[in-house]
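Scroll down for the structure; my scribbles are underneath it.
Think of it as A, B, C and D in the order they're written, each chain with its own count starting at 1.
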Amino acid sequence: MTVLEQRGAYHPSPPPAWRPRTDPAPLLPDAEPHRVLGTDAARGADPALMRRLYGELVRGRRYNAQATALTKQGRLAVYPSSTGQEACEVAAALVLEDRDWLFPSYRDTLAAVARGLDPVQALTLLRGDWHTGYDPREHRVAPLSTPLATQLPHAVGLAHAARLKGDDVVALALVGDGGTSEGDFHEALNFAAVWQAPVVFLVQNNGFAISVPLAKQTAAPSLAHKAVGYGMPGRLVDGNDALAVHEVLADAVRRAREGGGPTLVEAVTYRLDAHTNADDATRYRAADEVEAWRAHDPITLLEQELTARSLLDEAGIEAARADAEAMAADLRARMNEDPPLDPMDLFAHVYAEPTPQLREQREQLRAELAAEREGA
Amino acid sequence: MTTVALKPATMAQALTRAMRDAMAADPTVHVLGEDVGTLGGVFRVTDGLAAEFGEDRCTDTPLAEAGILGTAVGMAMYGLRPVVEMQFDAFAYPAFEQLVSHVAKTRNRTRGAMPLPITVRVPYGGGIGGVEHHSDSSEAYYMATPGLHVVTPATVADAYGLLRAAIASDDPVVVLEPKRLYWSKDSWNPEEPAAVEPLGRAVVRRSGRSATLITYGPSLPVCLEAAEAARAEGWDLEVVDLRSLVPFDDETVCASVRRTGRAVVVHESAGFGGPGGEIAARVGERCFHHLEAPVLRVAGFDIPYPPPMLERHHLPGVDRILDAVGRLQWEAEG
Amino acid sequence: MTVLEQRGAYHPSPPPAWRPRTDPAPLLPDAEPHRVLGTDAARGADPALMRRLYGELVRGRRYNAQATALTKQGRLAVYPSSTGQEACEVAAALVLEDRDWLFPSYRDTLAAVARGLDPVQALTLLRGDWHTGYDPREHRVAPLSTPLATQLPHAVGLAHAARLKGDDVVALALVGDGGTSEGDFHEALNFAAVWQAPVVFLVQNNGFAISVPLAKQTAAPSLAHKAVGYGMPGRLVDGNDALAVHEVLADAVRRAREGGGPTLVEAVTYRLDAHTNADDATRYRAADEVEAWRAHDPITLLEQELTARSLLDEAGIEAARADAEAMAADLRARMNEDPPLDPMDLFAHVYAEPTPQLREQREQLRAELAAEREGA
Amino acid sequence: MTTVALKPATMAQALTRAMRDAMAADPTVHVLGEDVGTLGGVFRVTDGLAAEFGEDRCTDTPLAEAGILGTAVGMAMYGLRPVVEMQFDAFAYPAFEQLVSHVAKTRNRTRGAMPLPITVRVPYGGGIGGVEHHSDSSEAYYMATPGLHVVTPATVADAYGLLRAAIASDDPVVVLEPKRLYWSKDSWNPEEPAAVEPLGRAVVRRSGRSATLITYGPSLPVCLEAAEAARAEGWDLEVVDLRSLVPFDDETVCASVRRTGRAVVVHESAGFGGPGGEIAARVGERCFHHLEAPVLRVAGFDIPYPPPMLERHHLPGVDRILDAVGRLQWEAEG
């Protein structure tokens, strides 16, 4: 029996015998976002995981600050910060096995970095020396996707292909609240559910798509409720609770790996910085809204839990900060060097073999550069 | 007629002013798109419109380009004049089916009973250091779609005039706005009624006798600069700014080429399959016996738009234009 | 306060105070498709409406048969029959006021005809003499849409525009089960819900998208469940029960007219004929499936109810048939005449004013035709 | 080498055979699209593939073209070779963003680390009496997109050869299949290894001395017919079948035009902004001094594709081609 045949034959029945194809009840998200930190459930959590998450959150926050600073020094063309959303970024990275794939959007360099990518490589797109700075297959991290939601069908196709090959691979795809409005979101989720592909969709609902607030984006009870319409479970989670995000994603990844099909997870979080360094967020939101969210900071939440349980002390906090500083210093130093550039690269990868037309154009540029050098 | 002092303004401001004036003059004009309301657009081109005309007239939509253009079609069916902003060139692609299969064809489909007066504003082209997908030159796609008008301003005054004309048109018009000219400044008098240009007219921006540079939008300033530099080489270049790609002004273009006998088409869009092919072919067909040399093209390379740090090598610059002019077989002349 | 401002300001709240934007419970469809015929509820139904529906169903069935016959005679380029789906087609047409708008897909000429369009005009696209044979504004019937689901955002935009103008107009858009997979379906429903546009979406789930059965199209409990993800109510109805479809649509239209926003209705029905005359349905479905659905025929269902309640007798049935025959005879006669054709029309409506290029081409064709006439 | 009897087959059959052979030879080849499985496609081009290779290898997808192409991208990222069928030309438009922003650009984006060996089959063009949206010639859109190969067969043997080559290519290839040639028949030997054509080679289908007709796909038979008819007028026409629009075979085309000194480009796609502009411009640039007359174009009109009853007036036919040949300034010759 083929993979696709497993879903069972189609037995249509006239309305007198109508029955739903799937029981909708288990697909519906809970009324409240899932939370672990600050609840009894946190007591059962694995201390090693909590410390790991904490360390990455602190690094992540520092990484965001450093990258933003690099835009001011002209070392990055643009930076969309994930400050405030580190719990989602980090949990998404940590929940995956090495063989799994991550499909980030343009905002998710942090997830790629937390997965182990060299930050300089992860930032290549935003630095502007090339479009992607790493080999996606080496790291199982797809290129950062700028066209919104277009990476979601890629994740579905890859997960489906892995399943067809009998590989035990899960794809996790990230998308924003705004991205859920795109047709590609819809098509991807539908394909995933029909094919029962091992894929997890994580929507980081950070309240805004640039300036557009969620209320202008959707009238749904929650974004997680969209899952029902595809016949997959929808899960709602506090996106600033790193443990909760990790738990919900781990469940979804396990389910996918076991052949249970896709899950849609909505993480409710907030973008504390502006859309990018080029954006002025004061044009569309009030300072007190931002302040309210600062009081629900993902790092503080985890730090409180860890210190309350004596899993972290001042020295541990200091060590995490020092580690983050070292990462930032290294990043700063390396980003302050000009990347090697070769204009001939423009022609090298358009096709496996350059067309005759591209060969002509390459020679033209070569001659121009030679003339430039002579002139200089 | 009183004399009005000319005030310097940017192209972005002229575009804003065009929408404001159109909205004030006609209550059926509605602006919609991503971030066009509260934020005033990522380029601030719709700045102030929501404040002045309310959210119903200048609307932040959900993030879905086919939905934006598709609902604009419905609004136009009911008698409104939607002005749609696509945030960047490459982000208009999701709306391609709505554009090609409906916007361009509905008038014809209904034998003229249901025209669609929709304006689609597309900030386009490179030169602003944008990362991938923020610098595409997509004019070839629109030119190849019968039923659309396609215009692109290169000056502040034309930005106002062409956008007003587009909004006033009973047919769909794609207005390609050269991003890198958004902050170009010019003295310009918006009270001047002549500021509303008719669609479909090219203009000679610089007269010359040696050869014609045929260009539009973001490449116009580069061509004018090249024409200045060419004087040192003894060439007196004429520069034609097409302004309208559809309809195409064969008359102005051919009159110039027949006069000069030589032509170079310049644009930053990829050369192969780009607008220059159509333009060079038309000139070849119509001016064959006046041509002293083949019509040459200077265009972006046939590659995906490069990353910011390499874009200068891709964009046609003065040297590349002069190089092409130099290949116009001058020796064969005398 | 503007129309769009009515939806209320956005008051984001950190997860501790999270609450759903909408109560999902009332949005969920019932577990069973709504039915009236054969139930107690039918007794309350308006006899005049029932008779009207019956007459139109009989005409509709005859219309489908006639149009299919015309394809065999080369009088239609193609015909996608709605045989078996007449209850949906007819109810959709009858539920609307004159000022309302209908947005049909390529399969829905019958809905247009039931709304009052001349069948010859409605069939123009399929006959092949032009793309649309009527003035959409005169009849408030949008052109038949061939690209699937693309008409849905049009319906939303029109309904929204009407509301902005203060007009009391509802748009009803038809789409197939296959069409729900398209991105445009998603985007349209989302815009409709966010804007609270007065629009009703009727999905005719006829079990197939050409050869592709519903099980390969979606894993959702029902297509009506997709509504929840947009924050609009989803309603499930027996699409062969004309009274039930009319009732559910009438509720939705009323709700839309009163400012209550959009509704998604899934009508469960079946395409008894092949996809079009050019299709061979035996390649993908078994005869017994078709037979099972024939036993649930929309005409029979209504006829049984009417005769049981003595609202219809043999004479009434005869009269309906005769009326349908007359319509078919008239259609046949008029379709057997060649439509007037003017090749110059090719250039007449591309733009308000032909471009200089089109004027040249028009003259070229004019000359060619003159030469052809001379040659002949 | 044993002699194999040539068997007549239709172009549709050759395409089916190409996929079957590719699937048998390479387990990573997967076919997906609307109705490609159980039904075998609305044109029956995938007939039998699901039965032979199973539903996992030839898959009926949900009805969503961006989803189809988007999932194909993901499959290719994992090492498969997806062959995607778009049901009709105009129904490929919803996938435009995936095609332009991902399929065409991913190899370049990743410096060659992640090529996408995707074949996109698009039945295209008119002449089959199809209603609106079923007869578009969309090749200009694909040609203007760097990173795509674009091929279009005009013969049964090329249908097999080009599709095999497309599937074998490590780069994305758009295979434009001329619908109205699906049922054209030819004797053809699929066992012949030479049947796999390399991409990017044009071929001279008919030699002649007077002028060159440059064409491709659905217009090839029309051009060959025109060439026959031209003999009566004393013209001996050469006919070049491009086969590959990207890459473009300048060599073969220019060699022919340099020989004949005159050229007409023929295609049914709309003329303005269509492939003919690029082709005529290239020939003009490269063969200027060999040209006795301007390169002319015979193309579809610049209109939305007409309804079935009027399409014959739109499609370039023998008379329109001969008329253009007649305008090649023969008097200027002697």
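Going forward, a contact is a pair of C-beta atoms (placed from the backbone, for glycine too) under 8 Å apart; a residue touches a chain by one contact, two chains touch by 3 or more.
Source: prediction; values computed, not measured.
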item	value
Most remote chain, CA-based centroid, reference being chain B	C
B-C or C-D, whichever has more C-beta pairs in contact	B-C
Averaged-CA centre spacing for the pair chain D and chain A, given as whole angstrom	39
Distance from the mean Cα position of chain D to that of chain C, given in whole angstrom	36
Where chain A touches two or more other chains, by residue	130-131, 147, 181-184, 186-187, 190, 194, 216-218, 345, 350, 355, 357
Of all residues in chain D, the ones touching two or more other chains	61-62, 64, 66-67, 90, 93-94, 97, 101, 105, 108-109, 132-133, 146-147, 246, 248, 272, 301-304
Of all residues in chain D, those that touch chain A in their complex	30, 54-56, 59, 61-62, 64, 66-67, 69-80, 82, 94, 97-98, 101-102, 105-115, 146-147, 149, 169-171, 200, 246-248, 250-251
Touching residues (chain side chain B, partner chain A) in the complex	34-35, 37-40, 42, 60-64, 66-67, 90-91, 93-94, 129-134, 272, 301-304, 306-310, 313-314, 319-320, 323
Contact footprint of chain D on chain C as seen in their complex	77-78, 106, 125-131, 146-148, 178-179, 181-184, 209-212, 216-218, 279, 283-284, 339, 341, 343, 345-347, 350, 355, 357-358, 361, 365, 368-369, 371
Parts of chain A lying in touch with chain D, wherever the complex brings them together	2-5, 130-132, 135-138, 142-143, 147, 150, 152-162, 164-165, 171, 183-184, 186-188, 190-191, 194, 345, 348-352, 355-357
Chain B-facing residues of chain D, complex	66, 90, 93-94, 96-97, 100-101, 104-105, 108-109, 132-133, 140-141, 143-147, 246, 248, 269-270, 272-282, 284-286, 288, 291, 293-297, 301-304
